[in-house]
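Shared between the two complexes below is chain A, which pairs with chain B and chain C, respectively.
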Partner chain A sequence: MYAYDTFDHAMVNARVAEFRDQVERRMTGELTEEEFRPLRLMNGLYLQLHAYMLRVAIPYGTLSADQMRKLAHIARKYDKGYGHFTTRQNIQYNWPKLSETPDILQELADVEMHAVQTSGNCIRNVTTDQFAGATADEVADPRPYAELIRQWSSFHPEFSFLPRKFKIAITGAKTDRAAIKWHDIGLVVKENDEGEIGFEVLAGGGMGRTPVIAKTVRDFLPVQDLLSYLEAMLRVYNEQGRRDNKYKARIKILVEAMGVEEYARQVEAEWEKIRHIPIDVPEEEVARIKAFFAPPPLAVLADDVPAVDELAGKNFIFKAWLANNTGAHKVPGYANVTISLKPHGGIPGDASDEQMDLVADLADTYSQSEIRVSHEQNLILPHVAKKDLPELWQKLDEAGLGTPNAGLLTDIIACPGLDYCSLANTRSIPIAQTITERFDDMKRLMDIGPLKIKISGCINSCGHHHAGHIGILGVDRKGTENYQILLGGSGGEDASKAAILGPGFDEDGIVDAVEKVVAVYLGEREEGEEFLAAYRRLGPDTFKEAVYGAH
Partner chain B sequence: MAKKITGPQLILANRLDDGRAVFLTAAGAWSKQVAEAAVANSEEELTGLLSVAQAAEVSNQVVSVTPVAADVSGDAVAPAHIKFAMQSKGPSVRSDLGYQVSPNWE
Partner chain C sequence: MALINLTGIQPTEFEVLADDASPSEGATVAVPLARLLEAEEAFFKSAGSVGAIIDTETSYDALAAVADKIAFAVIDFPAFGDGRGFSLAVRLRKDYAFKGEIRAVGPVIPDQALFLLRAGFDTVDAADERKAAFEAALERFPAFYQTDFGGQVSVAHTRHSAEGQRKAS
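For the complex of A and B:
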């Protein structure tokens, strides 16, 4: 893991001191709310329906066990005993007091964490594959590059007041688990014909009220040019992105308006002007950062573990957990493990302080003291010896963290919705809870197979409904909650936009609609065909007829 | 200038320090109990309540002052829209948190 140097410590501590002063001035009335609001947002502090909400950055979703313990401590001491892991791999606290926020930020700074740039029109937390450095299907670990981008973008003076917020995601694997095509900039680590490492660079993706899938701007960018090229991309956007209308201010609108070829041409022209000034860092600095992400010293172990197979033969739930919640590690004898934060009937992404403490302890015991957060709102132990899987599963299961549903229908992304969020039109969480209760039978879930449901409580799309195999969008219909169903979206390497199937439903009707869609799939699927493939083959009409009846 | 209204209104805000939702009372105080909210039945009454609320904003007691439509039935008063009704109770998915636990919940 990356460890702060003296500059990082100084920067973060200085920011805490600055915010402490700003909060004091707000409390005494020296600063008005109008003056203070942009300052608190720069530190991740929102005002929601019931209280303030603090969004803490988890850079590229990587946490140490000690950092997780600190997150648990903050939940216990300053909040209501829980936190919410988000689709940007961050954590949100729902009940902090304004006057205590500087103390929270200081506690975070003590473990090399902060809430800087988790809000506002700046470059947000860089996200990545939750299995980075721990998956068999990886060209290279993307985290050193994510860390480089974090350092470059933190307090970047030119990009602190962009037309709108800006999100970058990077993956080093063939399977895209970071939804890079739905980001303002997406980066794919790849190898060219000469065996050199570089990036495919994409731009102009985004959700919100205008969903757009990112397009390739450059097929191969050498690694050493990463920061100067990003600088050129941001410059063109910063100069030409619309500032007159916040709904048209994201880079996706600019790239759509000028065309990706023209955007790429202007980026290349800008890059030519700046690439020779020292924006990119020297090789030694890249090597220094890479060293923090060196593979952990894992002992050589047998890949076949009879005890694991034996338990799987006897216990269906463990077998399901093994199939769904563990993945192939790059080192034989190891697995990456997804800890589901989606218990059936529970709140997607929420974890109690006790659960966070437990995950920290389990990371110390079984996973090199390392934890990841996925954009699908789960936690990951990246380096677990296969021989430890039965014991680990038992401990997780006892704590309500053993739900074997990763990647299945009940592994639902849901935004906080109207239960917390001041922007929402409808609640999202209760819909997820009802669906997961309805589909509680693990055998049925296993039969249905991979199926991603994503729920947003408003058009801002924090619940990624545009990328759901089944997406659900909450809308305000004359003061009552109404839910539209969308089908056919994907956040993967085969990214696609989900399409609205028809008129919306009330909160019971939407769950019935999901049930009908699944029934069509089960009735029509071909041998081994997953839901998304079946939808793409069948088209919407078969589903529409089942959901709305023949017209 | 009087605000145009089509029905009874109450004034909702968040306390500065902890952000808790609070309702303006007829006495010009801020209560966590929606039942104690003052109800404006005319544009003049709403203007009067808003001037009290905005003074409290200026004196840093509350932020985000919002007039919202109210449902009034006998002595009972509640925000008409689900969003503000939610604010007067707490998250529906956590019945152990918010004013739904107790009107004086902290």
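For the complex of A and C:
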């Protein structure tokens, strides 16, 4: 993991002092709320329905056990004993007091964490593959580049007041687990024919009321040019992105309006002009950062562990957990474990302080003290020896963290919705809870297979409904909560926009509709065909008929 | 109004030229960019020193025609969140090697002091009661993650220089 040096420490400490001063000036009235707003947002502090909400960055979703303990401590001391892991690999606290937020930030700074730029019209926390550095299918670990971007984008003198928020995601694997095509900038680490590492660069993805899938701006960007190229991309956007209408201010609108070729042309022209300026960091700096992400020294172990097979043979739940919640590691004899934060009937992404502490302890024992957060709102223990899996699973299961549903229908992404959010049309969490209760049958879930449901309480799309195999969108229908169903979206390397199937439902109706969609799939699927593939083959009509009846 | 001096430059004392007025002989005047783009050579010659008032709708390539004729630039922020003002200053320094004073006017706030300095601004027009807050904000950060147009070298470079290694250890 990256470790701060004196410079990084000085920077976050300065930021805490600055924020303390801003909060004091707001409390004395020297700053108006209008002036305070962008300042607090750049520190991740939102004003929500009931209280302030603090969003803490978990850069590229990587945490140490000690950092997790600190998050648990903050949940206990400053909040109501829980935190909410988000689709952008962050954690949100829903009940901090304004006057205490500087203390929270200081506690975070003590463990090399911050809330810098987790909100506001600036470059946000860079997200990546939750299995980065540990998965068998990657070209290179993307996290050193994410850290380079984190530093370059922090307190950027020119790009801290952009037309709108700006989200960058990077993947090092062919299987895209970071939804990079749904980001303002997406980066894919790749190797060219000469065996050099670089990036495919995409731009203009985004959700909200105008969902757009990012387009390729450059096929191959050498690694040493990353920051100057990003600088050119941001400059063109900062200058020309619309500022007259916040719904048209994201880079996706600019790229659509000028065309990706013209955008790319302007970026390349600007990049040629700035390549000589030392924006990109020296090679030694890349090497310094890379060294922090060196793979842990794992002794190769046997891939077949009889004790694991034995338990799987007699315990179906463990068997399901092995199948769904563990994935291939780079090193034989190891696995990456997904800890589901989606217990059936529970709140997606929430974890209590005790659960966070337990995960920290388990990370110390089983995963090199390392923890990841996925954009699907789960936690990951990377580098777990396969022989430890039975013991680990038992401990997780006892703490309510053993739900074996990763990647299945009940592994639902849901935004906070009307339970917390002031922009919401509808509740999201209770819909997730009802669906997971309705499908609370592991055999049935395993039979249905991979299926991603994503729920947003309004068109802002914090719950990624546009990218759901089944998306659910809360709309306001004459003052009552109404839910639309969308089908066929994907956040993966085969990204696609989900399409609305038809008129919306009330909160019972939407759950019935999901069940009917699943029934159609089960009836129509071909041997081994997953839900998304079946939908793409069948098209919407078969589903429409089942959900809305014959016309 | 107080003038906040970010860089220690000798600030320009100028008057804003009225729309239909011509500059008096040897005067120091600030003139909207649109008018300067139409102005004849004689206009620049008669005034002692001319500065451009640049609004944030301005495309940077419009600066090309005047950058070497003006002595100072006044970038007018309609709102403190209008980040185009920062890019305009960067463009003046970077693309046109502009060495004169760049001033920020409009509702910029003290918490932006370092961003302004680092984007290439020299001075800011601010309400009197904000002077102290501006000056405090300037002192806030000990180092920066980017090489910038105010002369700062990024931490990434400092880390690998001899001096930086002394500091980091």
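Quick note on the criterion: the second predicted complex is superposed on the first by the 551 of 551 C-alpha atoms of A that agree within 3 Å, B and C clash if a C-alpha of one lies under 4 Å from a C-alpha of the other, contacts with A are read in each partner's own complex, and residues count from 1 in each chain.
Quick note on the criterion: contacts are C-beta pairs under 8 Å (C-beta built on N, C-alpha and C of every residue); 3 or more make two chains touch, one makes a residue touch a chain.
Just so we're clear, the structure is a prediction, and the values are computed from it rather than from any experiment.
Undergrad: Report clash or fit for the pair chain B and chain C bound to chain A in the combined superposed model.
TA: The answer is fit.
Undergrad: Determine, for the superposed model, which of the two partners chain B and chain C contacts more residues of chain A.
TA: Larger number of chain A residues touched: C.
Undergrad: After the superposition on A, what does A:Glu33 contact: first (chain B), second (chain C), both or neither?
TA: In the superposition, A:Glu33 touches chain B alone.
Undergrad: Which of the two partners, first being chain B and second being chain C, lies in contact with A:Met11: first, second, both, or neither?
TA: second
Undergrad: Report for A:Phe293: first if it touches chain B alone, second if chain C alone, otherwise both or neither.
TA: neither
Undergrad: Given the overlay on chain A, how many degrees, to the nearest 10, lie between chain B and chain C at the CA centre of chain A?
TA: Rounded to the nearest ten degrees, it is 80.
Undergrad: Figure out whether A:Lys97 sits in contact with chain B (first) or chain C (second), or with both, or with neither.
TA: first
Undergrad: Once the shared chain is lined up, is A:Gln433 touching chain B (first), chain C (second), both, or neither of them?
TA: After superposing on A, A:Gln433 lies in contact with chain B but is clear of chain C.
Undergrad: Under the stated touch criterion, which partner chain does A:Trp182 make contact with: chain B (first), chain C (second), both, or neither?
TA: Neither: A:Trp182 stays clear of chain B and chain C.
Undergrad: Taking the superposition as given, does A:Trp271 touch the first partner, chain B, the second, chain C, both, or neither?
TA: neither
Undergrad: In the overlay, answer first, second, both or neither for which of chain B and chain C A:Tyr145 touches.
TA: In the superposition, A:Tyr145 contacts neither chain B nor chain C.
Undergrad: With the two structures laid over each other on chain A, which partner does A:Tyr521 touch: chain B (first), chain C (second), both, or neither?
TA: neither
Undergrad: Once both structures are overlaid on their shared chain, how near does any Cα of chain B get to a Cα of chain C? Whole angstrom is fine.
TA: So the smallest C-alpha to C-alpha spacing between these two chains is 19 Å.
Undergrad: For chain A, which residues belong to both interfaces, chain B and chain C?
TA: Chain A residues touching both partners: none found.
Undergrad: Can you list the residues on chain A that touch chain B in the complex?
TA: Residues 26-29, 33, 47-52, 80, 95, 97-99, 347, 418-420, 424-425, 427, 429-430, 433, 479-481.
Undergrad: Can you list the residues on chain C that touch chain A in the complex?
TA: 59-60, 80-84, 86-87, 90, 94-95, 109, 111-112, 114-115, 117-119, 133, 136-137, 140-150, 153-160, 167-169
Undergrad: Tell me, which parts of chain B touch chain A in their complex?
TA: It comes out as residues 14, 16-21, 57, 59-60, 63-64, 80-83, 86-87, 90-94, 97-98.
Undergrad: Provide the residue numbers of chain A that touch chain C in the complex, in ascending order.
TA: Interface residues on chain A, with respect to chain C: 5-8, 10-11, 14, 17-18, 21-22, 25, 30, 35, 38-39, 121, 151-163, 235, 238-239, 243, 273-274, 277-279, 281-282, 284-285, 288.
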